[in-house]
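Each of the next two complexes has chain A plus one more chain, namely chain B in the first and chain C in the second.
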Partner chain A sequence: MTSYISLPMYAANIDQRLRIIAGKCTNCSIIVYPQRLVCKCCGGKNFDLTPLSGLGELYTFSVLHGGGAPSEFDYEQKMTGDVLCGIVDLFEGPRVMARLADIDSSQLKIGLKLEAVIRRLYDQEGILRYGVKFVPETL
Partner chain B sequence: MIDVAVIGVGQTRYGMFPGRTLKDLFYEASREALDDVDKGLDPNDIDEAFVGTLSTGGAQLGNFAPLMMEAAGMVGVGARHVENACASSGFAMRDAVSAISSGSADIAVAAGVEKMSDLPRERNRLWLGISGDVEWERLAGTNFAGIYAMMARRHMFEYGTKISHIKMVAVKNRQNALENPKAQFRSAFTMEQATKSPNLASPLDFSDACGITDGASMVILARADLARSFTDQPVLVVGSGVGSDYVAIHDRTSLTKLQGAVDASVKAYEMAGIRPEDIDFAEVHDCFAIAELLSYEDLGFCDRGKSGIYLESGITQRDGKRPINNSGGLIAKGHPIGSTGTGQICEVVNQLRGRADTSARQLANVGYGLTHNVGGSGAAVAVHIFKAME
Partner chain C sequence: MPGIISYAVSLPSLRLPASAYVENWGVCEARGLKQKAFCAYDEDPVTLGIQASKLALKRLGRKFPKIDALFFGVTTPPYEEKPSAATLPTALFDYNDIRVTEITGSPQAGIQALIAAIEYCEALPNRYSLAVAADAPVGKIDTHFEHALGAAGAAFVIGPGGGVANMINSLAITQESFGARFRRQGEERITDLELRTQGNLASVTAIGAKFSEIKGVGVGRIAIGAEPAVVRAVNRVFGLPEAEVISLWSQIGDAGSASAPFALAAAFDKMCAGDTVLAVGIGSGATAGLFKAEKGLVSNRGTGITADELIGCGRMVKYIEYLKHKRVFSI
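Take a look at the complex of A and B:
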């Protein structure tokens, strides 16, 4: 298997994935998520860790139909039909690609207010992988 | 810098060839390229070889280039594998050009090959997502269909581009491929059929995407001042530029342009001393139909956001003022990943030499031809510009 998220790779970023912890550049204050080693904005290399609110707006999206998603999602796609994927403009600035959930695909539109939840993504090698999905804001 | 010229090109037919091997495909492309050097070339005189491939399904990851060269009867040529996803052989071309222009080689080969049909469908889908920022994009449940779909939706949102514009790309390119004996998909395709195509990743349908393809291609290059001893019709590489960008699209400021393509083309135009309006025809990287629209804007053929209208005007049709993807493009000629970049160059060089395989396909106005080869969703882009040597 040439392409999959190995357990060590997944585990190395567990704080980012399950607690939505971003990096804040100590030099220019820009927030990066996923975290980076070098700042996108100023090239700085030092970051303070900062948790994100998980709130944001849908920037773009796609509904992947049968055969569209990577094969590790086959089981889910068989159960649910479609895989909903989007890019979310987070309240604190960064933009992130993630799964969308708890919404009918016909309700998706750019600008939709969303919030992050931690959900099961798929299981591989007998280990469940969890991560961020975005659902309609409940407020 | 030393001027560089193409002295021969070769390409296999593109398609699904379960019975054929990588070596066999590579050999055929090399044979055709060598035969295309009219006055002959002794393979022993080739100084360096750059062979593009993604990973051929994980079948041969180590010492790939020497193995291919050996299969082609070119053993002993200093060879290496160049990998930049779907732009692998566009970058192999760039490296071969640099080897000559820097003076370290007199004759160099750029080639590409991919064998995608070896794998079961599930494994292909597993494998084909590997050229993104896997660690993040993959867990979002998407691969390139979804990624280009999200770019398409943004383009529609920001500029009012319509689904019909996207479909027009697929229809145009499939129509162009009808006349191309080397193309994979050669059956008539109408707008009506396009609108009935099942959905793949909204807003893109299956007919807006390319398929699974096997194939190989090779370009033989020489110092321009030696070129006439090999052929009476050398083609000059007048422009060469490469660019890169954030791999994951969520890290980019804009989803409606490929900055790597803009950068690569600016460098290529600068080297050629020409402007976008000077390009007479081009082969662009339409891995998904939306990608061709983005290329019109990134290459400066039309204003930002206006690609749909530009296409609608008919300019990029075979009989238009600037034909784009006269070969059928990736969508219809086929997209054997590692072969695509040098395969595009085969098409442009043949056109510039007046050697299109069928007269119906030969373009009349061929001053400057351009190739645009994109890796993944724009993480790496190679642009080359060609002109027949006077």
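Take a look at the complex of A and C:
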């Protein structure tokens, strides 16, 4: 299992990945993240770019034990243990799937306040892929 | 006159107690070390730099000024060629007309980045710059000096009028170190001949002598981020009480180019308007900047986590977990 993302695709939406830039539909005002070509709500095709705060709550989560994660995480999982994935309700509305960090799986709780941080996700094709993870909200 | 208008620090999420070395090696060779902060598997100087920068910009409020230049001081960037500093503005700003400069090759790099950022704004009035120092030096795991190696980040926003602190003078001493601490091209881990304390003492003494020649310059504190032997020497050279030499080395470890900037930020956390602090980055000589706190310091720091609070956060781990996060087994 792999979640290969080509470098051109990674580069094309690097702003979304590093700054959490959403699309706001000019027709129905729904905020969509990750950005899409067509509004999932009204079918509109025009969006304004909207930076998100990165604050949200844990909607639900999965704990991937050994062998359950995509291959690019194999070594990381061997070194650091379970891979934690969450679905996060962002403060501005979008619901996103992302890695969770800085927390033990036993401490995960639905409704947990989270904030987005930039972390190394994985190496692929010799290039470091940085992106958003969510960690428990600090001060 | 341009100066520092905001600042913040970052630390990685994990901590290792010095006792872990005693348990596993029989002794902790980093004398005076209590614990150190170190990067988790998914952290590096770039993520630390982004985190510190975000906090520094956040302290300015929702509408922070457009940043015209970014100076990144780091000895362990993820790439030898390909500017790691370019990742920072991409993660921070929605514009790309920004000058990015990466300063590396010495633990002085952090203070050099800060002084370069201030001098940029002095040369180009009414512009804003961001100085970022973040580092996570890596040594061979069976070497003595590895025990001290930690990680940290600090960021300073520079703009017209200062507000938090203004730099009133800067000095540099350059001294060939004959490779006391070095990393040859293509090597991932530093080598240390463990002679740096001696070399650093000479540099700090030279800086002290230079400052004593300047009339009207009072050094109230020193921010240096060095091991206790150097701190004791600084006490002697500058005639300051121990408490006035700010070094978080015993709590975060040797954070390379981020050590002195982190100590400077920690000093700002405790200073009042009018107080002065000399920030000294060391390595093949020394670079120092003398800063005077301004009235805006208290209001700026009131909106964020302090260096001491951050040190108290983080998860303590055992030595085997430390090794796994450090990627020492294989790449």
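The criterion applied here is as follows: the second predicted complex is superposed on the first by the 136 of 139 C-alpha atoms of A that agree within 3 Å, B and C clash if a C-alpha of one lies under 4 Å from a C-alpha of the other, contacts with A are read in each partner's own complex, and residues count from 1 in each chain.
Just so it is clear, a residue touches a chain if its C-beta (ideal position, glycine included) is under 8 Å from a C-beta of that chain, and two chains touch if they have at least 3 such contacts.
Small disclaimer: the values here were computed from a predicted structure and weren't measured.
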| item | value |
| --- | --- |
| Simultaneous placement of chain C and chain B on chain A, clash or fit | fit |
| Which superposed partner A:Leu128 touches (first chain B, second chain C, both, neither) | second |
| Chain B versus chain C as contact partner of A:Arg19, first or second or both or neither | second |
| Where the C-alpha centre of chain A sits as vertex, the angle toward chain B and chain C in the overlay (nearest 10 degrees) | 150 |
| First (chain B), second (chain C), both or neither touched by A:Thr138 | second |
| Touched partner set for A:Ile118, first chain B, second chain C, both or neither | second |
| Touched partner set for A:Lys45, first chain B, second chain C, both or neither | neither |
| Partner chain(s) touched by A:Ser62 [first = chain B, second = chain C, both, neither] | first |
| Touched partner set for A:Thr80, first chain B, second chain C, both or neither | second |
| Touching partner for A:Ala98 - first (chain B), second (chain C), both, neither | first |
| Closest approach of chain C to chain B (Cα atoms, Å) | 13 |
| Common ground on chain A, meaning residues reached by chain C in one complex and by chain B in the other | 121 |
| In the complex, chain A residues that touch chain B | 1-5, 9, 13, 17, 34, 40, 59-65, 67-74, 83-87, 94-99, 105, 110, 121, 129, 131 |
| Chain B residues touching chain A - in the complex, by the definition given at the top | 55, 58, 121-123, 125-127, 129-130, 134-143, 145-146, 149-151, 153-154, 157, 198-204, 248-251, 255 |
| Interface residues, chain C side, partner chain A - complex | 13, 40-44, 46-47, 50-51, 78-79, 87, 90-92, 94, 304-305, 309, 313, 315, 324-325, 327, 329 |
| Sites on chain A touched by chain C in the complex | 14-15, 18-19, 21, 49, 51, 76, 79-80, 101-102, 117-121, 128, 130, 133, 135, 138-139 |
